[in-house]
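Each structure below is given as structure tokens.
Shared chain: chain A. Partners: chain B in the first complex, chain C in the second.
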Partner chain A sequence: MNWILFKLAFRNIFLHKMKTLIVGSILIFGSFLAVMGNSIVDAIASGMKNSITQSVTGDLQIYSEKAKEALSVFGNIDGSPSDVGYVPNFDKVKTALLKHSNIRSIIPMGGNFALMNPGNFIDIQVEKLRTLYKKKALKDPQVSSLEIESAKQQLLFLLNDLNEGVKQNRAEVILDTQSELESAQRDLQIALAPSFWEDFDDNFESKLELIGNKVAPLVFDDSMLYFNYLGTDLEAFKNNFPQFEIVKGQFIPEGERGFLIHDYVYETMVKNRIARRMDEIKKAVVEDQQKISESKELQELIKANKEQIAELYLTLDYSHKPVLTQKLKTYLNKEEEDLRLLLDHFFEIQEENFLSRYDFFYKEMAPYFQLYKISIGDVIPLTAMTKVGNSSAINVKVWGTFHFKSFENSPLAGSFSLIDLNSFRDLYGFLTESRRKQNQEIASEMGVLDLSKDDLEAIFGDDKKAEELSEAQQAQVSQEKIAENYTDAPVVEKNEAFINAALFLKDSSQMEDSIAAIQEINKQENLGIKVVDWRSASGMVGQMTIALRIILFGFVLILFMIAALMIMNSLLMATMERQQEIGTMRAIGAPKGFLYKIYLIETAVTSILFSFIGTVLALAVIYTVGRDGIPAQGDVAKFFFSGPRLHFYPQWGQILVVFIIILFISFIATQYPAWRAMKISPLRAMQNRD
Partner chain B sequence: MHPIELVNVKKDYLLGNVRVPALKGVSFAIEPGEFTVIAGPSGSGKTTVLNLIGCVDTATEGDVVIASKKTSDLNDRELTSLRLNTLGFIFQSFNLIPVLDVYDNIEFPLLLKKDLTPKQRKERVDYFIERVGLKNHRKHRPSELSGGQRQRVAIARALVTKPQIVLADEPTANLDSKTGQSIIDLMKEINSIDKTTFIFSTHDYSIMNQARRIIQLQDGMILK
Partner chain C sequence: MRESQRINFFKFKLKIALCVICWLGFGAAFAQKESVKANEKKEADFTPAKALELVKELDERQRSSGDYKATAFIKETEKNKAPKLFQTTIYRRDGLDKFVMVFNKPKEDSGKAYLKIDKNLWNFEPGTGKWERRTEREKIGGTNSRRSDFDESRLTDEYTAIPESMGSLGKFTTYIVKLAAKEGVDVSYPVLKLWIDKGDGNVLKREEYALSGKLMRTIFYPRWQKIFSDSKKSNVYVPEEIRVFDELEKGNSTIIALKDVDLKKLEDNIFTKAWVESKSR
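Up next, the complex of A and B:
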């Protein structure tokens, strides 16, 4: 019996080859896409889960019950940190929660952002000298007069170059009025006079002030550095995020305060722009196989480097100038003594010489320059906005850089640097009573004016406005920085506030149960916390795979709908063509159900056959490409893939779902044509073909 | 007991809003094993009568009784079952199923009937293939057969369920006279051997004259 049904059903499939082919291709494509897409989205979802949970969130996050916004560890859409208030007592929360057996660890954290104004290169050198003199006055044995001498020479080197620049009109002068400019240039001449340096050590205060206040404004400030950071218990952080790894420098010793910059930030934001552009070109040429001659972008980079050589030149350690000049002369084969001109030549980069110059740059030249605006070991001033809207500033030592293994260069995982919890609390504006008193004393001693909130917003808002602040105000900001310099002060005060905390579970598959248990503990012990899973805590980023899935599902569904419409159309056409035959079958004694079965089998065969082909193709790709992995194109992809390649595997459950959906849709598509067929009267059989 | 009985049957067709009376009160009864021709000029109502007997159409008035069942009392499923079990159809244009070969076409009603084992089924089909003289064509598709051969397949298909009544509306109209005659001969042979009741229409006089009984129609009425 059945095979006759099949024969009848198959007939139409072959009769309308073209239609079958089109329906078939759509079904093949649809099922291929669904199976393959699901497999990839799944891989991305688990990669992302790994990236997010292993770099910031842990399995769960807790934060204050009274939070105004939902916690988003990567910040809100506009980039601002989410306003979630704080929980005052970490120890109490920790003790209470660790009672739940599935919780492995709790790491307190808090996200914020801070600015660092590196000042201009003359400012920096002046500041360096000032510190050296101060230390020397305190009889620091590590400061030798030789070091001071060398710092003075460096300053002189910078001033000389500035003078050359002014003479050749290539100085980037920022002073508004002509008279200010002329007076600054006069001061520059004073500072360059040999007599100025003779009694420098004795009058360093006033001399440095002259250079810093009068001459330095001839130079542009370097752009502000912006740091997103996570304040956390660094030991706990290191121990619980196994992919955490120090890249440069060292981990902050226990009990010390300090700052760890994410290596990605360090390599992109902190690195000298000339060097960074060299890196970018290298990446484009080597990894992406681009040609300099064909890429406008790369040519722009080269042009920018040539125009801004000063940025590199000014970080040169003056004492190495002769060696570097000699090296460049030899390398470039040029009889030229002016280092600046030699550098001009060096950065004449073309297709053929790029790789060799890149190597020479890093191997032979880089050691003589300061390639990073912040060196490992530097103490940097960080200015942040406190909870209440004041600025707060601290000086903090940069101990090193870090990354997370397997998504090293991802901007998302690198979206934050790390700071110790106490420094975080200070920057955030948490003050213990004694700290508050101490600050007040310092403030009254120095007679600091209150900066208005507007001014602070200006500082944080945009650089231009910040520049418009009066010198006095700027000075005040930097004085505040000094006032709060307690980098070396031991941590003595107890302050337990935290913004949010990452929870690691022993068994992360028990997430729902653990959330319920934590909520219960929270109620009983009155902890005032809220608990969310990592996905919700990661905000938009965490929702991304859901969005991907919806898009994929929608697209595939549309494809299947089109296929269904075509199936319906082709069945209807066939029904119309076969009226006499259907009538004949009915006249001979075929019940309506028999016709219905023919239609069902016909569509079932079509849809099963083609979706099977699509699935097999997808599986073939999954087993071949998926096993080797798709290489992550770009750093963002690395974060989503949680590694350099995305490996994906068949998702049998979803394949089944795809199958069922296809069958269901084609079943629906069969109904109308089958109904039409069943309505055909056996009388049709009697009508002669005419 | 009559296998077929028509009692004052009237049939009107609706052509748009116009009522076309095709049968104006037809009554007759057929004896078991009769070999009957329905004759009459074109438009006299032959096809209409056969459709009513074949349970593929219903009368406007009057009773059509097939194998003691009043067809107007039956629902679609019962009518279908009656067609399958009691009636056999031979069509003017053969109406074979194009994808199925000779054997499959003949077997088709048996598969719908489901009352035989596969072995019995095969024996039955083979018997009728032999009977209509198509032993060497069992694997042929209808498109590979001549008109006469096709009609033989149709006859075998109509007979394979051993129906009480076989209906045929102008079975020879699409055949040349020689082939037509051989088909009529086959039908006569089966009628005389198996006692199957045959009722068919034709306007071929030479065929008409071979029938034992002729029902002559004119304008939707029987001519006495």
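Up next, the complex of A and C:
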């Protein structure tokens, strides 16, 4: 009996070869895509998990349960840090959570951003000279007259160049009107006169103020640097994020304050723009095999370098000018003595000379220029907006640069630098009890009432109202009233507070259980925290694999739906063609169930056969391509792949799920044609014969 | 007979009433016409020359010509946030366009300062000991106040006055003057609208617009004080209170209170970086 069923089913399959092939192709493609796609998405998800958990989030993140926004360690869409408030007592939280056996470590952290605005080349040199004079006045033994003389000569070198710039109306000089030009020439004449420098040491304050206020504003300034940073316990950070690695300089010694810049930021923002462009061209020419003559983008970079030579030239130490001039004269085989013109010739880059000039630039020229706006070991001023609303600034030493192994140049992993927790807290500006009291005193001294716009309009229109408000204002504003205004403001002892913290689990597969346990501890010990997994904590970035999976699932589902419709259509057509045969079978006693089974077997065979072929093909690709890995195109891809290549492997569980889904869809698609076939009466066979 | 007399008397009363109504009506219409004429005359009188004269007068009234020192309190109120408060001291030498603002309280901000010399606005951070250039759009202490709120009025130098209309602000009749920034001048806002009291010539209200025409801030000057200046040999008008309403972030406002205004001569070295640094120490 069973063999008859199979025979009939196979006969039908072969009878409608073309339809079977069309349905089969769709099933092959669908199953291939589902198996292969799932394998790739799984690999990306795993890569992303590694990149995110190993660079910033840990397995879980905790933050204040009173947070106004959900935590996103990479910041909001507009780039601002998410407003999550803070948890006041780290030690208490740490002690309580470490009681849970699956928590390995807790690293306090918090994100913010800061600016560094040193001013233009002349501002920087003026400030350097002022500092030297001030140190000398304080009898600092490290400041020598020679050093001051050298700084003065450097300033003179810059002023002379600016003077030439004004004469030649160079791009870096800002002069809008004729009167500005005249005034600039007058001021430069004063500053360059030998008499101006004769008594410089005795009157340095007034001389430097003249240069700073009259001359320096003539130079274009775009030296502002912007840093996203993560304040954390650096020692704990280093120990818990194994892919963290120092690239330049050194790690901040224990107990010291300091700043570590992500190497990606250091190379793409802090590095001199001319050198950066040279690097970009090199990468395009060597790694991406692009041709300068064919790439408009590369030609634009070369043009920009030629137009902005000042950015490099003005970082030159004046004392090296003769050496560099000679080197360039020899290299370029030119008799020109003007270094600026020689640099102009040097940056006339073409296909043939690029690599040689690139090497010469780094080997012979770079040592004479300041290649980075910040050198390792510099103490830099960072200014941040505090949570109280005013600005806060600190000096912090740059100890080095770092990256995370496997995704060194990723802009996402490089989106933050690192600062010690104390400096972070200073810049964050918590509202302390002392600050609150001071606010009360200032408000009391100020003695004004808060008035709305309507109240103010009333002051202008109604004498009585004005009088009332005036009297109220004249009266001392009561302390109670002021205190009321501040009852909502959280107060904190800043050396204990943290914004969020990364939790590493001993067994990360127990994530859900650990979350539940932490929630329970939080409830019992009243810690005031909420806990989220790494995916939620990474905001939009973490949701990307889910989005990818949804897109893939949707696409495959559409394919399977098409396959189901094709199956149904083909079976219906077959039913119409086989009415007589089915009628005959019914007439000789075949029960309805017999017909139903034929249809079911026919569909099952088609589905299993073709989805098997699709799966085998997908497995073949996975084993060949997946093992070698797909190369990551670009630095963003490296972050998602958690390395330079994406390796992917078969996911047997998901293959089984794909099979079950295909069988289920086929089963559903069979129902209507089978029902139609079962409705055919034995009479139909006789009618047709008549 | 009596009946007809009563009717005549009634008709007479009706005629009188109609006459009174007509008279009142015509009177009112005439008065209104006269008033419109008067307003039109007023508007006609409000020429660009008049607008310029008013703005010049504003500048002149606030010009101290000599030095100026005051204690300025700033209170910034933002929605759902604790207010920010600062106490600062302002030093000005208006003749040379020099300006210093030193923060005194709270102690976390003590020693922070702004120094303006010529077109340069410098910001000093005692935390780093460094000076940074800022623009006139700088939000003082992170509040919605600008340096120009604390400076003398230099509207004639910075803006071109355009008469807008006559108007009223409560019980005050005001001239409304529009001001457009002159080319190449660094100002906080390129377009202003002033409500100038017709009676005493003080500005009562000011609206500040971005170049796009968007209203950014509305400022009220509810109180002015008169202080005699020896150098000017006449009175100088100083606002006691300035109330700034943020029009972008509705509900946010800033109050500036100026106290202990002193117009005596100041030390020359105040307007230098060295003095500001010494003050912060």
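Just so it is clear, the second predicted complex is superposed on the first by the 606 of 690 C-alpha atoms of A that agree within 3 Å, B and C clash if a C-alpha of one lies under 4 Å from a C-alpha of the other, contacts with A are read in each partner's own complex, and residues count from 1 in each chain.
Following the convention adopted for this analysis, a contact is a pair of C-beta atoms (placed from the backbone, for glycine too) under 8 Å apart; a residue touches a chain by one contact, two chains touch by 3 or more.
If you're wondering where the values come from, they're calculated on a predicted model, not measured in any experiment.
J.: Return first, second, both or neither, reflecting whether A:K214 touches chain B, chain C, both chains, or no partner chain.
T.: second
J.: After lining up the shared chain so the two structures overlap, which partner does A:G589 touch, if you call chain B first and chain C second: first, second, both or neither?
T.: In the superposed model, A:G589 contacts chain B only, not chain C.
J.: Mind working out whether A:D187 is in touch with chain B, chain C, both or neither, as first, second, both or neither?
T.: After superposing on A, A:D187 lies clear of both chain B and chain C.
J.: Taking the superposition as given, does A:S681 touch the first partner, chain B, the second, chain C, both, or neither?
T.: After superposition on chain A, A:S681 lies in contact with chain B alone.
J.: Classify the contacts of A:Q580 with the two partner chains as first (chain B alone), second (chain C alone), both, or neither.
T.: In the superposition, A:Q580 touches chain B alone.
J.: Figure out whether A:R11 sits in contact with chain B (first) or chain C (second), or with both, or with neither.
T.: first
J.: Looking at A:I394 after the superposition, I want to know if it touches chain B, chain C, both of them or none. Which is it: first, second, both, neither?
T.: The second partner, chain C, only.
J.: Tell me which partner A:D59 touches in the superposition: chain B (first), chain C (second), both or neither.
T.: After superposing on A, A:D59 lies clear of both chain B and chain C.
J.: Under the stated touch criterion, name the partner, chain B or chain C, that contacts more residues in chain A.
T.: Looking at chain A, the partner in contact with more of its residues is C.
J.: Go through chain A and flag every residue that touches chain B in one model and chain C in the other.
T.: Correct list for chain A: none, the interfaces share no residue.
J.: How about chain C: which of its residues touch chain A in the complex?
T.: My answer: residues 73, 75-78, 80-87, 105-109, 112, 117-120, 125, 127-133, 141-143, 169-172, 184, 204, 218, 220, 222, 241, 243, 245, 253, 255, 257, 272-274.
J.: Show which residues of chain A lie in contact with chain B when the two form their complex.
T.: Those in contact with chain B are residues 1, 4, 7-8, 11, 580-581, 584-592, 594, 681-683, 685-686, 688-689.
J.: Along chain B, where are the residues that touch chain A in the complex?
T.: Touch residues, chain B against chain A: 47, 51, 54, 56-57, 76-77, 80-81, 83-85, 87, 89, 91-93, 95, 97-100, 104, 107-109, 111-114, 157, 161, 169.
J.: Using the touch rule from the top, collect the residues of chain A that touch chain C in their complex.
T.: The contact residues of chain A facing chain C are 117-119, 123, 127, 130, 176-177, 180, 205-206, 209, 212-214, 217, 221, 381-383, 385-386, 388-395, 426, 429, 431, 434-436, 438-439, 441-443, 445-448, 450-451, 453, 456-463, 485-486, 488-489.
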